Every structure is written in C-alpha cells, then in structure tokens.
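Each structure below is given as structure tokens.
Heads up, the next two complexes both have chain A, just with different partners, chain B and then chain C.
Right, the complex of A and B next:
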C-alpha cells in the first residue's frame, strides 16, 4: 500500500512535470530536424492512422521516428502527472470546508483545474483521433459531378467552383494566379441533404465526417491549361468530439480564471485605497 | 527528488542515443532484394508486402492500391479500382520518366499501349516503333484525352500525374497510379522509383540492377568531386513571360549539385519540382552563380546566351549569361530516365570539367554567346 502511495506521489510530483517539459523540448528539437529532413516519412501519419504508420514507416525508419515514440511516451507520463496532480488539488479543495456556502468562490477556485482536465480531454481526443480515424485521400470532384464516400451511402456533389484570380497591379508575379477558392457542395444520402461551402482552412462538417480541400485546378489563368477539379480529403474522426469538448471546457475554465483574476485585482485596489 | 533527477538524466541519455544520426546517404548505399523487405518507402511512394500474393502500394497522391497475382481472389476491404492484377499487361503512361522506367524494367515493348505525346516528340525508339506499328496510341494532349480511344486500348493500368482523370478512369474500371508527388523527388526517390513500379510487372531484379548501376555512378561522382579544387555556384531554372520557375533544393538536381561539391543557389527553396519563385529571388542568386541550367531547349528558344537574353531582358543580367556558362537540355534528356547514371555523370562533368577530361556531353549542350550567323 505504501509502495502504491509512493508511486502515486512520484507520478504526481510537479518537479516531474518540469523535467518532462525540458525533455519534451529536447525531443521536439530533434523532431524539428527530423521532420525537416525527412518530411515524406511523416506525411502519411495523417491519413494512415498511427498504428498502421507505426507498423510501416515508423518501424522501418526508427532513427528518424524514434523522437515521435519518445514524445508519445513523455506525453503519456505528462497525462498521468497532470491527472494525479490536479486530482490531488481538487480533492483538497473538496475537503476544505471554508467554501461551504460560497459556491461561486468554490467554482472560481476550481478554474485552473478545469483547464487541466480540459487539456487531458483534448490529449485523449487526439489519441483517439490518431488511433481510430479513417481518412480517404485524393477524392477528385469535377464540376457538376458526384462521388460516393467509401463505405457509406453519402454522395458528394460539386455544384460550383469559384476561383478568384489576382487582378491587382502591385504584385506583378501574382497576376492571374489563384488567391482564393471556394467550392459549393451538396452532401446527401437517402435521409438528408446538407449543403456547404468548402475552402482552404474551411472544411465542411457533417457528423461523423468532415471534408477538407487539399488541391484544385486551374491555379492560374495562364500557363498549363488544366482541367477544372478539386481534390478533397474525407475524414471520419471519432476523436473530434473529444478535443472540441476539451476546447470548450478549457475556454470555460479560462473565463472563470480571468474572472477570478479580475476579482483579485479589484480586491487589491480596494484594499490599497482603504489603507 | 533524487529519484526524479536520476530518471531525467537517464531519459536525456536515452534521447541522445535514440536520435543518433544515420550516416549520410546510407539509404542510397544498398537496395534490398525483393524478398528482403516487408515495407519500403520511396519518397512519397511505398511498397508493403503483406503476403506472398498480396502487396499494398501507396502512390504519389497517397492513394492505396493492392497488387495481386492474376487469377487470384482480391483480399477484402478494397474497392475494385484499387485492385491491380500483376503482372500488368497493358499500360497507358503520361510521364516521360514513367516510360523510361518501363524501359528499365524491360517491359516497354510488351505493355505500353498509350501515350500523350505525338510521334514527332519522341526520341525513344521503342515508342516510335510502337506508334508506327499502331500498337501504341497517341491519346491526345494531357488536357484533352480522348477517352474513347483510351477505352479501345483496354489498359489495365494508367500511370499519370494528372489526378483530374481519376473519376473517368474509375467509371471505366481502370486502376490509376499518380506518379507525381506534392514535393519534388529527392535523389534517393528518383533512383528508387523503379522499385515502386517493378512489382507491377514482377520485375524486381531489373529494378535492382538499375538502382545499383545509378548508385555506382553516384559513388564515382562523389569520389571524383572530392578532388575538385573549386565549388561552382549553380542555378537551375528560367524566367518566363509571367513566371519564374526553378528546381528547389529538395529536388534531385539540387541534391546532386551539393553531392558533387558544388553550391546550389536555391538550396533554401523547398517544394514541388518546377516551383515558382519571385523574380527578385532569382535575380539575387543570378548575381553570384557561375552556371545556369535552363529548362528551355533549342526548340523553345535556347540557341545561345544572346537568344536567351532576348526572351527576357531581366535574364540578361544574371552572371552565367554575362560571363559564366549556360547549359540547355538536349531533346533526349527528358526521355532518358533509363540512363539516369549517364545524366548524373553529364551534370557532374559540367560542374567539374577538370575531373572529367575528354567527357563528351550527351544530354546537355553549352550555349554559345551568340547564334552562328546564317550563311547568306
């Protein structure tokens, strides 16, 4: 029992967290150079899923990928460390009877811990995402044509494609080059129809799928005469709901924390005026 | 606290050991035998041998295809357009390099049934012969493919760089491999691309022989260049009417220049082959460069430095045109990927002529200052 307690307090130690952060900085520095020199080894992780990537690219290129495994190991310890550390403090807060009758003050005091738990939910979400998301690459959509989402009854139809070409005079080399692209999509199955406008950094969401724009053509009015199309990535990501929930919870915690900070500041100002 | 400190020191040591550097270009040193590997990544491409009769490949766009021997049942979980029966017997190919690799594998005459360049544009004897005999069809320009004609050719596989034809090929039930990549192929990927295409034709041995040949040539270049007494500054690209295109530092030519004890001026540029940069960036490098490799051939206006300067007044200001050297690719350059070792040797001889006395260029031509005057 004592041994368990020792392990519990060792894993919840704040010094361990600082050490982990230093190690993660070192590891990520190595990772930066590995990513820069071997980008092709890491691109597939986004669409293959971590387990499959691990069994292929990861395992066969250990020199270049070891930093990532170490990072996951450190993150796992950080996860446990944050959980234990936060839980210890929350337990103390709950045991503290001075909050009885001051529910609001109690919730305010809880705000940093809410943020910590939110971070854990986000990390969990990313883990779920890397372990179990399905990604379908290179789905080519031509104007007024449809494609079916693999293993589903959904069809995606490209209604229209709007490409804005630069027409200004300030940037000569950008003349007639695409600067923005937006695609109007209809997604439908037997039961429902969804419409959405797709752009770069503006995916179309329809649970449990999301559609992301990867490429399009033509990118220029001059040069190679290319057929009009968009290339989309279709993702089915069960982890999304976790990390979005984590983000909302984190924002809530941050708001409470800001409120706490403002209240403390006002209190200090009032006290200094009185003295 | 002491325990934690010891743990941290231990982990730092593990981190340092785990992330030790691999010897430079170690992956170039030896190509594995076909039976030696279960997984092989080749730039953006990969080949995974799941079972004796089941190989999974990823093409340049990250699409997965499965190769199964003819007459065997496809494993579950793949769409019909992902299944390729090997050895493939009828191929349509867009890219010159893909076709050169078919030649390396010794299957060009047997399997190639469609191309996207006219007969007059070809320097590959096997393709010219095939078109003359009617075995190989010209399917139209890349942006206006005659799909009816393609259907008549009954290809079992299409090798292309243009993803916009995928929906049409899917309808026709023809599997398609994207052989271009979002970032330029590095030297290793260029040399090993043959290992990606070889399993489609059960020609792994031929692929390995080609790799070894190019690898030996690269070793020779490295050895000879180590004796070079200077590092020429090199740029590879061109200024067009509205665009400036160059080969990025991550492209095979950029890597080769570095490997041959030379200084590639666009080493800091990263991205796809033939990437667009600003005019200012090009001119900035042009101030110091000794050698310029232009994309233009004699057919497209690169007959002399003066002719090149006339195509764009800004280009006239770069040092290679004023007092350096400018090289233009010969018509056979783009279609000679099967002789990559000779191309690499040509480039090395251009960079360090003192190391290659008497070398005769076969794929490039040095541009004279002026066009020879026409006889009246």
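Right, the complex of A and C next:
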C-alpha cells in the first residue's frame, strides 16, 4: 500500500513535470528541424491516421520520426502527472471549508484546475482522433453527379456550384480570380436526406462525417476553360468533439485565471512574489 | 506607401532610442508615439490590401508596433531603463525592413475570423513575451530586492500572463481554422507547429515555477529572459526572409 502511495506521489510530483516539459521542449526543437528538412514524411499523418503512418513512414524513417514517438511518450507521462497533481489539489480545495458562502472566490481558485482537466480532455481527444479517425481524400464531385462515401451507404450529390470572382481594384493579385466558393450538396442514405452549403472553412457536418472543401475549378474567369468540379475531404473524426470541448473549457479557465490575476495583482505582497 | 510609412516608423524608433540614450525622455516618448503612428498606418494599409485574406508571414512588421504600444505605459514609469526596450523595437523594425518575407500569395482558406485571430493574437503574444524578457533582464541587473525590483517582478509576471493568454487563444484559433479548412486540427507540414507548442509548454512551465522546489524567486527572471530569446529565435526569425534591399532604396525607382 505504501509503495502504491509512493508511486502515486512520485508520478504527481511537480519536479517531474518540470523535467518532462524541459525534455518535451528539447524534443520539439529536434522535431522542428526534422519537419523542416523532411516535411513529406509527416504530412501523411493527417491522411492516413497515426497507426497506418507509424507502420509505414514512421517505422521506415525512424531516425527522422523518433522525436514524435518520444513526444507521445512524454505526453503520456505528463497526462498522468497532471491528473494526479490536479486531483490532489482539487481534493484539498474541496475539503477547505473557508470557501463556504464565497462561490465566486471558489470558482476563481478552481480556475487553474479547470485548465488542467481541460488539457487532459484535449489530449484524450487527440488520442481518439489519431487512433480512430478516417480520412477519405481526393473525392471529385462534378455538378449534378453523385459519389458514394467509401464503406458507407451515404451518397453525396453536388447540386450546384457558385463561384464569385473578384472584380474590385483593391486586391490586385485577385483580379478575376475566385474569392468565394459555395457548393450546394445533398447527402443521403436510405433513411435520411441532408442538404448543406459547403465552402472554404465551412464544412458540412452529418454524423459521423464532415465534408471539407479542398479544391475546385475553374479558379479564374480568364484563361483556359476548365471543367467545373470540387474536390472534397471526407473526414470521420470521433475525437473532434473532445478536443474542441477541451479548448473551450481551457479558455474559460484561462480567462478566470487572468481575471483573478487582474483582481489580485495590486494585493500581491513581497512574500508572495518571493516564494 | 506601405514601405515608406514603415521606413519612417523605423527611423522614428531609432531616433526615439537615441533620445532615450541622451536622457531626453519627453522627446524620446514623442518620437516613439510618432513611430507607432507611422507603423500603425503601415500595417493598416498592409491589412487593407489583403483583407479578407490574411497578411501571413508579415508578423515582423506588426511586432514593433505592438511592442511599442504595450511598453508605452511601462516607459512612463521612473524605474524603467527605456533604452533597452527602444533598442529592441528599433532593431526589430529594421530587421523587418531588410529581411522581408513578402512573396506570398494569400489563398481563400484565409477567409475566416479564426485565421485573423490566430495571426493577430500570435503577434500580440510574442510582443508580450519579448517585453517580459526585457523586464526580467532589468530585474536581474538590480542587485537588491527593493520596491522597484518587486514592481518589475510583478510586471514580468503580468506580461507573461497576457502573453500566455493571447498565445493560447491564438493556438486554439489556429487549430479551429485548420480543422475547418483541412479537416484536422494539426497540419503536419509546417514546422512552426512544433515551436508554437514548445513556446506554449515553456510558458506553462513558467507559470508553474513557484511550485518547483529547486527554482527560487530570484531565478525566475532568468526563465523569462530565456523564454524571450526562444521566442525571437523560433517564433519571430522564421517569419523573416533573406536579406533584401527594400524597393524604396532602389535608385532606379526615382530616375
């Protein structure tokens, strides 16, 4: 029992966190130079998912990709460390009776812990995403034509495509080039029909998929008359809701923490600065 | 006009620094404000000529503006040695002028509020981090821990917290933008993703330093200085290009 307690307190130690973050920064610095010199090795992670990437690019280029495996290892330990450390402090905070009747003060004191738990949710979301997301690239849709989403009964139909070409004078490099694209889609299977308008940065969602516009033609009014089409990415990412929930929660905690700092900054004494 | 106004800003920043060295505090302040106005005009035009797309990789032209803006209040304080800040603002402005990274055509994926927040908050955060490093450097130079040094310690922490807030929101906005545009919160082809993460981790660590048993309060300013050096090396310099004489210096343009 004592041994378990020792392991628990060792894994939740803040000095361990210090060491881990320093190692992660060094590792990421190596990663920066590896990504800069070999971007083609890492780009496929998004398309293939981490497991398939790891079995191909990752395994065959271990010298260039080892930093990423190390990063995941450090992140796993940081996850455990953050969970234990935060849980210990939250337990103490909840046992502290001095906050009774001071709900706002209690929430403010809770803000760093909200951020820590939010970080854990984000990391879990990324883990789920990289282990189980599916990406279907290069799906060409022609007007009034349909394609089927692989391994599903869904069909996507491109009803119409509206392309706005820039006609103003302010953006000289955009003259006669497309500035906005909107594609009206119908997605259907045997049970339901969904319609949506797809654009750049405006995906169409239908559970469990999302469709993202990757490319389109024709891009300019002048020049060769190219056939009209859109190229879409079809994504199934079960982790997205977790990492975005984590981000929202983290931002909420961070705003509370900053508010706390703004309220308390003039009350900060010499002792609190020097300890 | 963009380059002329930015050159004017760089000249005013340099003159402001000279004024500070000469001990002419008021003149230095007026020159700094004039520089900020010229710089603000230059970046407003830059934005106007690209909006609704994003002037990405033009952060170096924005950075001196935000650094100057955020240090205005601090420069008014009697305990500040303003020449350090003005020297850095001036150096940044001249570096942006001679090492531009301009040759980049915006694309339609830039058309979202998240890309703009990612860019602007990222620059603002860098400005805060670099300022915190300078404030920390001034703390280190102080031999005794008097009220002035304590005030500087407060300012270091305050700058770090603001920087961390903006950096975090910038990173999150970048992730949302990446997801909306490409279907993934991380696009694994830009090495900047690793340094952005490392910066975030570094300043997360900074905010935890009071919990670390072997780091005492007197060592903390060193961490802020190292952080500022890291930000300059890995978050600012990669946005710059190769040395290039700006068009306004080309004699042929005036013949």
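Please note the rule applied: the second predicted complex is superposed on the first by the 222 of 275 C-alpha atoms of A that agree within 3 Å, B and C clash if a C-alpha of one lies under 4 Å from a C-alpha of the other, contacts with A are read in each partner's own complex, and residues count from 1 in each chain.
Throughout what follows, a contact is a pair of C-beta atoms (placed from the backbone, for glycine too) under 8 Å apart; a residue touches a chain by one contact, two chains touch by 3 or more.
From a predicted model like this one, the values you see are computed outputs, not experimental measurements.
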{"item": "Touching partner for A:15 - first (chain B), second (chain C), both, neither", "value": "both"}
{"item": "Touched partner set for A:43, first chain B, second chain C, both or neither", "value": "both"}
{"item": "Partner chain(s) touched by A:23 [first = chain B, second = chain C, both, neither]", "value": "first"}
{"item": "Touched partner set for A:84, first chain B, second chain C, both or neither", "value": "neither"}
{"item": "First (chain B), second (chain C), both or neither touched by A:173", "value": "both"}
{"item": "Chain B versus chain C as contact partner of A:237, first or second or both or neither", "value": "second"}
{"item": "Touched partner set for A:261, first chain B, second chain C, both or neither", "value": "second"}
{"item": "First (chain B), second (chain C), both or neither touched by A:145", "value": "first"}
{"item": "Where chain A meets both chain C and chain B, residue numbers", "value": "15, 22, 39, 43-44, 173"}
{"item": "Interfacial residue positions of chain A with respect to chain C in the complex", "value": "14-15, 17-18, 21-22, 24-25, 28-29, 31-33, 35-36, 39, 42-46, 126, 129, 135, 170-171, 173, 178-181, 200-203, 210, 212, 214, 233, 235, 237, 240, 243-244, 247, 250-251, 254-255, 257-258, 261, 265, 268, 270, 273-275"}
{"item": "Residue ranges of chain C in contact with chain A within the complex", "value": "48-50, 52-53, 105, 108-109, 111-112, 114, 145, 150, 153-154, 157-158, 161-162, 164-165, 168-169, 172, 175-177, 179-191, 193-195, 197-198, 201-202, 204-205, 208, 210-215, 217-218, 234"}
{"item": "Chain B - residues contacting chain A, complex", "value": "1, 3-5, 7-8, 11-12, 14-15, 18-22, 39-41, 43-44, 46, 48, 58, 61-63, 79, 143, 162-167, 178, 183, 189, 241-244, 276, 278-279"}
{"item": "Sites on chain A touched by chain B in the complex", "value": "10, 13, 15-16, 19, 22-23, 26-27, 30, 34, 39-41, 43-44, 47, 55-57, 59-61, 63-64, 66-67, 70, 137-138, 140-142, 145, 147, 150, 172-173, 175-176, 215, 217, 222-229, 231"}
